[in-house]
Amino acid sequence: MFKNEEMEINLGPQHPSTHGVLRVKLRLDGETITHCRPMIGYLHRGVEKICENQSFFQGQVWTDRMDYCSAVANNLGWAEANEKLFGITVPRRAQYIRTMLNEFNRLASHLIWLATHALDIGAMTVFLYAFREREDILDMNEAFCGSRLTTTAFRIGGLREDLPPGFEKMVQKFLAKFETCLEEYENLLSENRIWKKRTVGVAKLSAEDAIGLGVTGPVLRAAGVPYDIRKAFPYAAYAEMDFEVPTRTEADTYARYLVRMAEMRQSARIIQQCMDGMPEGPVMAKLPKILKAEVNEVYHATEAPKGEIGYYLVGEKGSGNPYRFHVRAPGFINLQALPKMAEGALIADIVAAIGTLDIVLGEIDR
Amino acid sequence: MSDETLPQAPETPAGPYVYDYAASPQRQIVLPKTVPVPSLRTYQAEVAAAAAADEAKWQKQLADFEVAKAKAEAEGKDAPKPPVRAVPRKDDNDMKTPWPQEAKDADLLRLQEVLGAKVEEIFEQAGELTCQVAKESILEALRLCRQDAALNYEMLADQSATHYPAAKDFAFSVVYHLTSISRRKRLRLRILVPEGFQPESACAVYPSANWMEREIYDMLGIRFANHPDMTRILCPEDWEGHPLRKDYPVVGWGQRDISFREDRGGMLERIALQKAGQLGINLKQPKAE
Amino acid sequence: MPIPTLTQSIVITLIQCLLVVIFVFVVVPLTVFAERKVLGYLQQRLGSTRVASGHVGITGWMNRGMWKWGRVPVLSYWRGIPGLVADVLKLILKEDILPAKADKFVFFIAPALSMVAAVVVFAAVSFVPGVFFTFPKWFPYLGGLPVSGGIADINVGLLWILGVASVGVYGIVLAGWASNSKYPLLGGLRSAAQMVSYEVPLALSLLAPVVLSASLNFGEMSARMATGMPALALIPQILGFLLYLTCGFAETNRLPFDMPEAENELVAGFHTEYSGMKFGFFYLAEYINMTVVAALASGFFLGGPWLLPFGLQGLLNPHLPAFLSWFGEPHAIFFVVKIIFILFTYIWVRGTIPRYRYDQVMSVAWKYLIPVALVNLLLAAVVRCFAV
């Protein structure tokens, strides 16, 4: 008389909290998820193929469009991978400016994460507070390179332009108020009972699983593994910066929240150090007009806000295009952990899990 | 519905639709002619060949000079200028091309020591360690990297593949980028596989390989043996061809230009074909593979 | 005072109904507007300041007018008001989509059911005790007749209110079921469980005033609660008020308990498949329910039409000087102000805290609210025994 049937439900591709066009096939027993399978590719544009058919300089434009929330970090990885491929030494001032903009970008990306994650869990006011600060960062992007979101901020070998006049004042103004803004978010969330109920112990991913599944970034650090590429394999000017790698051991959504909040503080610290120790000098290396590659392959990984973003480039002798271009997108690898985090949880928890992974479908589908 | 509302056929019909890459310049494929697989052995051979060619040229110049000098002396003219050996021009820029170098790193030597003949090549380039192993023993190499206490590469950071249509005895290279979090090191394992060969899946050692291998299968068509779920990941399941192969046109084969599985009457297809005919694009796709 | 005939009393009742409906349909759009503006204020933005149509049509005309008035700084804040008209017009004019596999009859009946259940509750609500106003002598047919402050002076008014309000659940459950779609079904299931659970602590928290005032009539209860309570009765009243408000949030599906329509999980919950004015009915019903909850809370706990909440009016009245005696009497304006305050609280809470998870919502009801409500009832009984 009573049949116990599981319900199959598609979360997405059009759904408010899948952060784009992610589709997750869920099998539900009541409200409990028994099976979860993410299905991606709705935003696949073939970035890798396109970049293989464009010159080394043109490819950077496409890296903006992968993870559009952290375009500068993607640009940095692309530029450095190419510099490694050609063996280019970048002037020190350019390194500092890159580091600073990259950290600003990390702030912007984490603010978007905070905004959307909180909105997913139902705290809608944080959304607008976080966007208020992000607006200032986008203004700084605009002052530096003319565009706000898809920046194409760097060039292979350095920067196109030095910092604009008055930039330092903007930075100091931002840093002066940012700490109080962070406290504002934390007042709304950190000790909020409902926020803690929704996040503590939710979507756990142990360190072992995280390393096995290749998960990087704040998700891995919240599991207690202090793996930050800025420290482990320093690039740009990070070797000269004094900062900490915040970690937690709880490996749940709340720990990831705390790690990201602490990371924002560290980013502000790095920006301050960049401004204080900014060296003088040129911002662009001396390069030939056209870059022709030699036979070489590089894999260069940098710490994007979402995790390790790696660029794999193969050069062909005498060719102006990369022979092979591959992106190790942090979101793509991190999303693999979703079934592990969501199975056995409730349907509301998968929303928290998607939010805490901080995915951007542009880079997952490429 | 009157005939006026239907789209009119172009005045000069494009003729019977035959798949023709030349119809649209973007669809032309230029297959690569070289096989850019970085390799110390190839590089050394190239350098030696270039040096030999340079030496031979110099010897020829010297010989020519001797002949010319003897001729000039015989004719009583002024002796010709002695030849100057060409020095390679030095570029005044900040570029210093990283060339492959002998492997000195302990990890590479350890791999060679344990795996012996299964390691085909080890070298360093641009500060990165590369170890090319035989395609049948990749799983063994991965397991060694994961479990050996001296190596201890915990994470498979990235896995990717490259298509080399110009190569003779292989078609793809598959690279595994391993990261050791505790030792702060990176290592690249590489296998060269021919068309149709199924390398062992790395999922047994590194679960993160699951999606990356699906992506490689989707994009390049390399199937992995013993993979738990060897399906397409980014492209739709009924997609034809593998987009990242070098013989796949940049704008695609037009699979999704019209997708009219529900267009029973063929109306939309007719319109689309007419429109495409006006633009000179051919939509009749050949069956891939 | 003349005694009205039967027909006259029917006409008067109809007029009362009309007044209540007008009240509801004025308060609800204003609440929607206030929601936008208050949320905007909380979130450091402007909220709505314009309507889409701009210059043409009714809303365009209103819009231009508002912008003209908006030169006055205070009025500029009200510029978004024509948007309400535009919203309603949009809902009315929008295509009414009927999903192919929906159960047609139930699909139609569901929004009507929640709407009717929400409005009918007002029948038992007394806005002001006694006579609201008297028709002037010259008025045709009804001259000199009094109009009381509530439509139906039911002596078991509380039962009526609880009974009718729980019919509203059916609207949501049926909507979820009739849509024949997965997300609405989940929303409907959630609301069935949630509303049934929360009705228990809600009713228990309302039992405390019943015990204290020894009545089930809305008007009598609010009068006794406001003026006839000893100081000791403050504790069960305040506790009961907080309990009632919490359950009221859950019953009206508002944050942090908006499970049936948690848009980040269930897209839009039970009304995912609804459009046009059918969706509008659900939307209206939600806001009317909010108003009902606010009216009950202010009637039972906040002193209804009296000035001070929690029975403090009774303590104040003996000490009130004669020239301030206006503040010692019941006035509908106080009632309305309290309703507005509670509606503001709704919006305030929505802007501040996140949403509970579904199982947590249930555990809050069964593990915390019901025991506390029982304790509160016990306290009320003790106060009743020894103090009244």
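Letters A, B and C name the chains as they come in the text, with residue numbers starting at 1 for each one.
By definition in this document, a residue touches a chain if its C-beta (ideal position, glycine included) is under 8 Å from a C-beta of that chain, and two chains touch if they have at least 3 such contacts.
Quick caveat, the model's predicted, so the values are computed rather than measured.
Relative to the centroid of every protein C-alpha atom shown, the closest chain centre, again from C-alpha atoms, is found for A.
Here the largest set of C-beta contact pairs joins the chains A-B. Distances between chain centres, each the mean of the C-alpha atoms, put C farthest from subunit B. Distance from the subunit B centre to the subunit C centre is 68 Å, each centre being the mean of its Cα atoms.
Our note on geometry: subunit A versus subunit B, Cα centroid distance of 28 Å, whole angstroms. If you average the Cα atoms of subunit A and of subunit C, the two centres end up 45 Å apart.
Across the interface of their complex, subunit B is touched by residues 40-41, 44, 46, 48-50, 52-53, 84-90, 157, 211-216, 225, 227, 232-233, 285-288, 294-299, 301, 308, 310, 312, 314-317, 319, 323-324, 326, 328, 332-333, 335-336, 365-366 of subunit A. Of all residues in subunit A, those touching subunit C in their complex are 7, 9, 15-17, 31, 118-125, 127-129, 132, 188-189, 192, 194-195, 197-198, 346-349, 351. Across the complex, subunit A is touched by residues 39, 42-45, 182-183, 186, 190, 255-256, 258, 262-267, 350-360 of subunit C. Across the interface of their complex, subunit A is touched by residues 32, 34, 36-38, 42-43, 91-99, 125-128, 130, 154-158, 160, 162-163, 175, 177, 179, 181, 184, 186, 188, 206-208, 210-212, 215, 219, 232-236, 243-244, 248, 250, 252 of subunit B.
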